[in-house]
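Working notes, beginning with the structure itself.
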């Protein structure tokens, strides 16, 4: 077993809060886990859990109150270690007066490439993230999704063995998200280690060998996605349009929500086929049937003993 | 394509902005006219104290000095020649200028002439002129114009011939000083005030400066001295004339006709002198030569 | 080392250019043109002196404004806009980043000053100036102005590491003005009877950078020779002081938690 790609050893971070007599707020509490070489590792947790704090600590942007970490055996205090990592910050901002090409070229200058090799890599990576056509546009004119893609490009341009991405899918449309997923899988095929954070469980499930779950600064669990998040799809959601004059059976009406011409019915998985039969009986038009995936918010609610919150209309489009 | 509201905005600007500017300009003129009443002379100066000005310049003393020198010149130009003009601001302006830039020679030289000159051409404060020139000499020991200006002040204004001679002598020792300064030192020591010497001094002032105002004053003074000298001689000749003819002559032409002089005595501007009923010669009113108030022949020429 | 500092410096220069900072040269050009044309009408006999004084003063003032206003944002802006995050992920030390930003702003100022010097020379010849050996003092004065920029930029950079642009501007400007009057403050102290005042003024005199000694505008105007020893001493002074400030900045910045 080779040395772990990333070792996090008891990282703790306290922040002073308040101006006159600052109190210390612990945003990360004795975090320890490992990321193995070559694996795609997901870092999960709701917003504010401390994922970004952890990544900033790894990158040396902030300093731990106690604890340390190592990447490929080198301490996070060692600046030389940065040659082996690529980093995409959360909500990246780049010099808006540069073009995409210029930005990549600028960052590439911190690795020792010849001018031609640099040019080559810049072009290759622009293409890889689908920005070749926009290479000479100033970044101030880039959409959020385009900025995200430039960010990924600069993180992988120097082919680092360890790639650290903070919320790489955020701000991307479904096409973009698929592209990022493909890039991550591609990196994995190349034998690189990918450590990325997200709060979308389905992405983690699809890509990761293992995940760590963080909540309120504390590690909740580490393991394969299915091991850690035991909530399966337990419910199914049916979207229908009722016909004029034909009402829903009373029993079903209790479990349904009506929005304009459409009705949404949530049923346990076991009852799916019987409910469909009933709907056939009242000649309702079936628009869609899809599993209800628990979000991490649901997961954390059950963790702390509450029940899953009501889901709003917007989540249908998920 | 621009939208209707954009077009409206554009037209409003094109028409409105020039109109408003015109109105503002007209109003400005009106305000200026009304404000003349309560704008005192002190407006010229902004700040009276040299050290205060230095502090306000934040280290950019040299440029501030140029600014104050320009104001000095403009101040003098706007007051010179006006009867009853007082030059109260001249000394403070020169004081500030030379404090900000102690090496601004032109300012010392200007002050030497016009601080000491009697009105309406100057402030008639020879004491301040001497103070200024001495300060200039202390700050610029290698400059020989300034000792010659000091000599001029002692000789011409204060009639202190010993001090004048000393000044010229000290100046003549500075490397590069012209030989006439040594000669001047000796002349003044020997003979005190003389017309010859006076003419020499003013001529050297003329030659040593590019300043048009100072040069003009030098010309005026030298011509005035010539006229005074001529008048002295002509007065004597007029007496002769009356003895012979029984009445005073009307102009220098008459003297020529009477055979008392060979040519026709004319002033430096080419006009024949005329005589008053008391037999005293005067300049023709059409002549550009002027005898400044207070201009006198040096003592020895009275013989 | 230059592999990291160099790119940062060049990028800082590029940012200044793209922010149209160099357009101040247009204003300077207009100023010199206006002055060259007007000066003959107004000041008697000292046209070249006025052009030199005005030109050098403008070079100094324009550059100071640039040093301060860009300088106080050098680090602050990168933190606020989070552009620093991806940069520090590269193998670059924080102090190298600081030196790179500093060098970039100095480069901008140097280029700006070079163009202004050309403008000054043009105006100078226009009013009838002729090049004489003594005019090298004008170049020395410009060199001293560059040393001034080096110090002010270092000050601004230092403050930029931990305080907001407004406060940094106030501090930097305050120190600069005090430094201009350093000699006066020293003199006041030497004349006073009060021991506390004496020690206070002495402390101020030695701690605050002395900008008075770096002002050779008057000497340049009067074509006075500036002794070589003074040139060396001023250079050394500026280098030492700027180094001090950069070291302090690096120390402050090295343990700063970025938001």
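To keep things simple, chains are lettered A, B and C as they appear, and every chain counts its residues starting from 1.
The rule is short, and it goes like this: a contact is a pair of C-beta atoms (placed from the backbone, for glycine too) under 8 Å apart; a residue touches a chain by one contact, two chains touch by 3 or more.
It should be emphasised that the depicted structure is a prediction, and the values quoted were computed from it without experimental measurement.
When each chain is reduced to the mean of its CA atoms, the one lying nearest the mean of all protein CA atoms is C. Among the inter-chain contacts, the highest number of C-beta pairs connects A-C.
When chain centres are defined as mean Cα coordinates, B lies farthest from subunit A. Distance between subunit A and subunit C, defined via averaged C-alpha coordinates, is recorded as 47 Å. Rounded to a whole number, the gap between the C-alpha centres of subunit B and subunit C is 43 angstrom.
Rounded to whole angstrom units, the spacing between the C-alpha centres of subunit A and subunit B is 87. Of all residues in subunit B, none touches two or more other chains. Contacts from subunit C toward subunit B in the complex involve residues 42-46, 49-50, 53-54, 56-57, 60-61, 177, 180-181, 211-212, 215, 217-218, 221-222, 224.
Chain contact summary for the complex, subunit B toward subunit C: residues 55, 58-63, 65-66, 69-70, 73-74, 101, 103-104, 106, 209-213. Contact residues on subunit A toward subunit C in their complex (touch as defined above): 56, 59-63, 79-83, 85-89, 91-95, 97-98, 106-107, 109-112, 151, 154-155.
Of all residues in subunit C, only 3-4, 6-7, 11, 14-15, 18-19, 81-93, 255, 257-258 touch subunit A in the complex they form.
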